[in-house]
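Here is the structure we will look at.
Read from first to last, the chains carry the letters A, B, C and D; within each, the first residue is number 1.
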Amino acid sequence: MSSELKSAVRPAAPATGGRRKLTYPWILLIIAGALVAVSALRAVSGATDLTSGGQFGAALSAAVPIGLAGLGGLWSERSGVINIGLEGMMMLGSFAAGWVGWQHGPWAAAAAGILGGALGGLVHAVATVTFGVDHIVSGVAINILALGATQYLATLWFGQEGSAAMAAGGNDKQSPPMSDMPTFTVPGLADWLNGIEGHHWFLVSDLAGVLGGAVTGVSWLTLLTVGLFVGTFFLLWRSSFGLRLRSCGEAPLSAETLGVNVYAYKYAAVLVSGALAGLGGAFLAISVHFYQDGQTGGRGYIGLATMIFGNWRPGGVALGAGLFGFMDAMQLRSGGPTVHALLLGLAALLAGLALVRLRAAKRAQAAVAAVAAAVLVVWYALSDSVPLELVEASPYLATLLVLALFSQRLRAPKAIGKPYRRGQGH
Amino acid sequence: GQSFAEANRAKHAGVGLAFDIGGRDDHSFNEAAARGTENARKQLGVKVKMLTAKNGETEADREQRLTSFAEAGYNPVIGVGFAYSQSVQNVAKDFPGTTFGVVDAVPTGKNVDAMVFAEHEGSYLAGVAAALKSKTHKVGFIGGVNNALIQKFQAGFEQGVRDTDPKAKVVSQYLYPNNDKGFNDPAAAKAKAQGMLDSGIDIIYSAAGQSGAGSIEAVSKVKGAWAIGVDSDQYRQPGLARYKDHILTSVVKNVDVAVFDLIKSCEQHKPLTGIHTYDLKHGGVSLATSGGFITDVQPQVDAARKKIIEGQVKVKETPKS
Amino acid sequence: MSTSTPTPTAKKNAAVDAVARSAARDKVLLGIAAPVLAIVAAIVISSLVFLASGENPFRAYGIMADYGHYSDSQVWIVNKAVPYYLSALAVAVGFRMNLFNIGVDGQYRLAAFAAAAVGGAVALPGALQIILLIVIAMLVGAVWSGIAGLLKTTRGVSEVITTIMLNSIAASVIGYFLQDGRLAVKDGNLLHTKFLPESSHFFSFPTHPKPVEGFVVVAVLAGAVYWFLINRTRFGFDLRAVGASEPAAEASGVSVKRMVVISMLLSGAAAGLVGMPTLLGESFQYGTDFPAGIGFTGIAIALLGRNHPAGMAFGALLWAFLDRTGSRLEFEGYAQEIVGVIQGVIVLCVVIAYEVVRRYGLRLQQRKVGEELAALARTGDGSADNSDKPEVTA
Amino acid sequence: MANHDIHLTVRRGTVHALCGENGAGKSTLMKILYGMQKPDEGTIALDGEQVALHSPGDAIARGIGMVHQHFMLADNLSVLENTVLGAEKLHGIGAGARAKIREISDAYGLNVRPDVLVEDLGVADRQRVEILKVLYRGARTLILDEPTAVLVPQEVDALFDNLRELKSEGLTVIFISHKLGEVLSVADDITVIRRGTTVASVEPAETTPKQLAELMVGSELPSPETRESTVTDEEMLRVQDVRLSATDAGGEVRTVLDGISFTIRKGEVLGVAGVEGNGQAELVEAVMGIRTPDGGTITLDGTDLSRSSTRARREGGIGYIPEDRHRHGLLLDAPLWENRILGHVTERPNSKGRLLDLAGARKDTERIVAEYDVRTPGIEVTAASLSGGNQQKLIVGREMSHHPKLLIAAHPTRGVDVGAQAQIWEQIRAARREGLAVLLISADLDELIGLSDTLRVMYRGRLVADADPAVITPEELGSAMTGAASGHLSASDDSADTAARGGDAQ
C-alpha cells in the first residue's frame, strides 16, 4: 500500500517552482501568440507559403491520418493498453479501404477501413487482454502480421492475372483506383479569404490563409475527423462510459471492485483504437484513390508520438498532429526555402527561452539557448535553403526536442502497460 | 547434402525476368519489360517466368533469384532495374553458358547485355514541349528520389526548357532525398504538385514512379495545367484514365524494345552482349503523342529531336546545380 | 535462531528431492510445450490461409521442405540468418531488462555507413582494417542508441519513442552524407561509399557452390558472449534483476539508470555488428541499396527465441529459411508474400503460447508448492504445528 | 484451499467483527461475499434469501459494499469521479452526484471534498472516500477489511464514531481486524477464523483479549517486548540534517524530508513512528542511497556514506528489509537462490570476482531455508510461489547472512503470520544483542514500542517528537503522529499501566 501513499506526503509549505496549470484560456493565448509569431516570420522572411491557404489545406490533410492514429492510441492507452500496433492497424485499414473502395466508392472504403483496423484491434485485445501478452510485444507482432497479410492478400485480390481488379488497374502492390471522396468548399467565404490572403497583410492575410485552408476543398473525412476528436473528448471526459474506460487505465482493480467489467472496457477501447487507426489508413488510401504497399509509411508510430506529445489528451493529440502535418506539408510543398525561414523562428524561440531561463537564474541553460539562437541566425544569414534531409528529419527532431524538454510534465495513465487479470487483485 | 543445382539440371526453359521492387505492373519500366517478354512470347513462342523482388532485399537475395533462374535453365535471364547491376555481374560469372541482361545499369561480363536508356534526351524533348505550352512560363519537375538516374531526367528537362524559352523558370524538387519510398508515395507527390501549382507553375513533369499518379491528380484539378508522364505512355494507363485529358505527353522509355531485342538475339543464338544504349537515335526513348495535345508544337519538338540525333545539341546527364 | 527443525530431515529431503525432480520435469515439459503449441497453431493457421486462397498447403510445405534440404539452399539460409541473429542479440540485450530498442534498424545502418565511409578512406594492413571497421561500427551503433538511453535516464523519455524517431533521423543523416561530393561516389545509377580495400574483406568458408560467410563465427561468438554475460556474470545478474523488477533491483543496489545507459550502449554496439556481414563479406560498400529493416526482423526473432541465444539462433534460421523459400515458392507459382503471413502468424502464436504456458506453469508450481507444504505439515503432525510458534514469551 | 467450512451469520443493524491471524482467510471470505471470488461450494443467504454473487456488480446490486484492505482508488481521478465510478446511473456524473456526495458527507460527518484529486489526500481522507463510495451506492451491508491498519488511534476513534452512526441508521457492518482491543470496543458480535475455517462466535461482553487471542492462534500471542537493554555507547549510524525534496506528478516540488538528524548506537533499535506518507519511506530510501538527498550527511560506523551508491552502502554493512517485499525485496519470477543473490551479488558466497558463483549461492540458500525455517519444497521454486511469511523469512535470512552493522527494517512483520512474526522479532533481538544497530519503521505501534530502545515520531517530513518506549502508550504516540503533540513525550498519569499497553497485543 505504501507505494500508493507516497504521493500523499504534504509538506509544511510547497517549496520552490510550483508550475501553472495549462487552462484553456492559456492555450488559446499560446495559439494566438504562435500565429502572430508565424505571420511576423512570414513578413520578415518573405516565405509566403508559410501561411498560405494551400499550405494549411495540405497541412490539414497530412495531419488527419496521423491525428487519427494518435487518437486511436489515446483510446487504447486511456484504457491501459499500450498500442504500438497502430501502424499495422493502419495498414489493415488502408488495405480494406482499397479493396472495398474500387468497387463501392470512397464512403464504403472508409467504413471498410474502420472495420479492417478494428480487426487488428481485436487481435491486439485478444492477445493483451485475454491472454495477457506484453502489450509492446503483441503490438510488434501485429505490425509484422498486418504487413504480411496485406501484401499477400493484395497479390490475391488485386494482382491476380486476368481478374477484374487487374483489368481495373490493380496489381500486386496496389488496388484499382476508386472514385473521389467529395470535398466541400464554403462558397463565397473561400474566395473572399483567398483574396485577402493575396494581399499579404500582416496577420490578417495569415489568418485568412489559415481559415481559407479550413474552408477550401476540405474532404468530408477531414470534417469527420474533427468530429471524432470533439466526440472523443466528450465521450471520454464527460460521460460515464468514458469515466469507466479511463478508470481501467488508472486503477483497473478499483474499477473491478466497483462492478466495472474491465475486460469489456479494454476490449471496447482497443477496438475503437484499431478502428480509428484503420480510418486513418483508409484516409490515406482514399485521398490517393488506392491502397498501396507501404502506404502508411510509419504514420502509426508518428501517431503514437503525437499522443505522448499531446499528453494523452485529444486537444494535445490534435495539436501534435497539426504540427506534424504542418511540417510535412511545408517540406513537401516548398521544400528547403520555407523551412529555411523557420530557422529564424526557432532562433527567436530560443532567444526567448534564454531570457526566461536567465530570469529563473539558470545561467548555463540560458547561455546554451542563446548560443544556439545565435548559431541559427548566422546559419539563416549565410544560406538561402536548408538541406532536404534536415527538412525531412525535422518532425522527428521536433518530437525528440519536445519530449526531452517537457516529458516531466506529461502524465501517462497510471496502470498503462501493466498486466491485469480479473479477480487477482489483493 | 545434395545441391539444388545438381538435382534440378534443366535444358532450355525459357526467359527469366526478375523485376525490381515495383513488380510487373508498376506502370513503369517493369511493366515495359514485361511487355517486351509478352511480345517475345507471342512472336517467338518462348516461355516466360517472372519473379519479383521484395522490400529490404540484400544483394544475396537478388543473386539467389538470378541463380535459381539460371540453374533451372532459363536463358536469357534479365534483371530489371539498376539494383540488379552487381548481382548480374556476380551470377553471370558462375553461368557462362547463360546470357544475362540488365536494364538501367552497366555491369561487366562476357555474357552480359547492359541495356541503358538516354532518359535525359527524352526529357529534353519534354522540356521543349513544356516551355512552348506553358502560359505562365513557370514549369516544374518532381523527382521521386534524388538519385543519379532521376537526375538525368531533371537535367534533360531543365536544359530543354532553357534552350527553348530562356525566360521560363524551372522549379525542380524531389520527394525524398534518399528513400525508395519516393517512388511509392503519391500523397507526397500530390502535395508537392499542389504547392507548385499554387505558386503559379502550370506544367509539371514527374519522374517518380508510382508517386506520379499523385501529381497528375493534383494537376487535373487545375484548369489549364498539364502533367507530363514518364516511362510509359501514361495517357493510355487504365489507372490514370480519369486524368488523361491533363496528360500533355509522356517521356517513354522503350524497355520493351530492348528486352525483346535481347530475347530475339538469344533465340537466334547470337546473344547480344556489352553495353547497348537505347537513345533517341535508336528509338530507345521517345515523346508520346497520345491525346494529340502537343500536335501544335510538334514541329519544334521534331526539330529539337533532330538536333540531338545529329549531335548539334548535347544533352547533359547531371543538372546544373 | 536455530529453532526446532520442522520435520525429520530425512523425510523432508525425500520430499524435497521428489519436488525438485518433478519441478525439473515440469520445466522441461513446459519449455517444450510452448514452442510446440505455437508451431502447431501456426501451421494450422497458415494451412487455413493456403486453403482459403485456393492453394494446396501440403504441396507448398513439400516445396519448402524440399528446398531446405539442399546444401546450397542451406548456405543461403545460414548466410541470411547471420545478420538476423546479430540483430536479435542486439534487441535481446534490451529485452532482458525490459528495454525496447526498436532502433536497432537505424543503429546498424548508421554504423555500417560510418564503417564503410572510414573503410573507403583508410587502408590498414591485414586484420587491423577489419578490426578498425568493426570497432567503428560498434561505437557508432552504441552512440546512436546511447542517445535513447540518456534521454530515458535524464529526461524520462520512453526509449520506444526515441528509438523510433532516431531510426528516421538516422536515415536522413545517411541520406545527407550519401551524396556525390560528400561521402559517396556515383557508380552508374547507384550512389555508394568508396569500395573497401582488399584487406577489409572478411574470410569465408569455401563451400560449394557458394561460400558460407566467415561472419557466422562472429555471430556464434557473440551469442556465447551474450550467454556468458547474462547468466554467469555479476553484470548479467544486475541486468536480469532490472528486467525482472526495477524497484527491487534499485533497492538491491543496482543503479537502474546506469544499467539503462549501459545496456542501451551494449545493444547499440551489438546492432553495429548487424551490417558487418553484408559490408565486409558481400557489398564492400554502403550504397542506397544497403539492406534495411533487419532491425525489425531482429525484434521478431528475439521474441521467437525468448531472448535465449540458442532459441534466437533457431529463430534466425527459421526466419531466414522462410525468407529464402519465398523465392522458391514464387518459382513454383505461389505468391511469395505468403511467407510474410506465415512469419507474422508464427510470431503472434509464439508470444501468446509462451504467455499462456508461463502463466499455467506459475499456477501449477504455486499449487504444487501449496500441496507439498500441506503434505509436509500433515506428515510432520504436531511437531510442525509447534514449530510455528517457537519460544514465545508473553 | 483458503476457506473451508465457514459458517457466519450476521444480524442486521449490528457491527460484526471478524478476526483471525494473518492469512486465516478473512479477506478471501469477504471477497467471496463481495462476488470477487467464487466459492467451490456452499451458499450465501441475504435477508433469508439465497443469492448467487458472480461479480462485485451483483453484490452492489444487493446492497453490499466493501472497503478493501488495500485502497481501491484511482489517484489521478477526483473524489467525485472515484465515487460515481460504476454507479453513474444513480445521480449522474455531474452536479447531481456532487450534491449527493455533499449530502452523504454531511450526514455522516465524513468531511469529504468532491473535486480534489485523490492523490492529494492523506490516508484517513482516503479511508473516508472509500466509505463514502460504499454509502453512495446505498449499501445496507458494509464490509470493512482492516480499515484501521493505517490509522492512528485518534483516527480510529473517529472511524468508530462513523461506524456507530451507520449502525444507528440500521446499516450492517462487517469489520475485520486483528487488533483485539478495537474489536472488543466496537463489535456487537465476533467471529473468529483460523486456518480458513470458523472456530468460534463470541460475545464481546463475555470475552477478554486473552481468550480471543487463544481462539485466534490456538495459543497465546507472541509479544515483541524487549527485555534488557543492549544499547552501547558506540555510534553506528549518524544522520545529520538530511533534506530531500521531490517533484510530484503535477510538476510541483515538495519538501519530503526536512532537516532529519539522529544517531543509532550499536545494539540500539531506533523506532520511527508516523502515519504513512510522512516521509518514513523516503527516509529509509535516503539512508539506503536509493534517493539522493538535497543536503545532509549520513555516516555509518565512522565512514561518510553520503555520496555512496546503494551498492556501496550495502557492502559497507547495511541490511535492508524493505516495506514492500514484492516490489523491493524479491524477484518474484526468479527461483529462491537467485533471490538470495539479490542485493548481495558482489559478496561471497554469491560471486567470485566479476563472475557469479552459482554453486555457492545455491548451497547458501539451502542453509538459509533450513536455518530460518522457510517453508518451501526446494530452492528452485519461484519466490512467487511462497506465502508472504515465508518470503519475508527468506529476506530476513538473506540480509542477516551478511552480518550487517545496521539493519533497516521497514514494517518487517507486515502481513506475516504470528509464527513467523515471533521468529523475525527473535532474530532482530538476537542480532541486536551482538551489537547490531536497527532502524525500525512500523505502523504496528505495539511492535514499535515493544522492540525499540528509542522512539522518534515523524510528521510531515520532520522528526517532531521523541519518546521512551518504556513508558509511552500507543495513544500518546498516536497523537504525536497526527501532529497534535511534539517535543519529548512523557508518560501521562493514567496510561502507564500495562493493561492498556498490552491491550491490543495480548
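Everything that follows uses one rule, which is that contacts are C-beta pairs under 8 Å (C-beta built on N, C-alpha and C of every residue); 3 or more make two chains touch, one makes a residue touch a chain.
What you see is a predicted model; the values in this text were computed from it and never measured.
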item	value
Chain of greatest Cα-centre distance to subunit D	B
Chain pair, A-B or C-D, that carries the greater number of C-beta contacts	C-D
Length of the line joining the C-alpha centres of subunit A and subunit B, rounded to whole Å	36
Distance from the mean Cα position of subunit C to that of subunit B, given in whole angstrom	41
Gap in Å, rounded to a whole number, between the CA centres of subunit D and subunit A	45
Set of subunit D residues in contact with two or more other chains	327
Shared interface positions of subunit B, touching two or more other chains	52, 55, 146, 176-178
Interface hub residues of subunit C, defined as touching at least two other chains	172, 175-176
Contact graph of the chains (line, ring, star, complete, other)	other
Interchain contacts (touch definition) - all pairs	A-B, A-C, A-D, B-C, C-D
Parts of subunit C lying in touch with subunit B, wherever the complex brings them together	67, 69-74, 76, 79-80, 171-172, 174-176, 178-180, 186, 188-191, 208-209, 278, 282-283, 288-289, 291-294, 323-324, 326-328, 330-331, 336
Subunit C partner contacts - residues on subunit A that touch it in the complex	84, 123, 127, 131-134, 136-138, 140-142, 144-149, 151-152, 154-156, 172, 298, 301, 304-305, 308, 387, 389-390, 392-393, 396-397, 399-400, 403-405, 407-408
Contacting residues of subunit A [partner subunit B, same complex]	49, 52, 54-55, 57-58, 61-62, 159, 166-174, 176-177, 284, 287-290, 292-295, 297, 328-329, 332-335, 387-389, 392
Subunit C-facing residues of subunit D, complex	217, 219-223, 225, 288, 290, 309-315, 320, 322, 327-334, 338, 341-346, 351, 354-356, 358, 370-373, 375-378, 380-382, 384-386, 417-419, 422-423, 426-427, 430, 506
Complex interface listing, subunit B residues touching subunit A	22-26, 52, 55, 146, 173-178, 181, 184-188, 190-192, 194-196, 198-199, 210, 213-214, 217, 237-239, 241-242
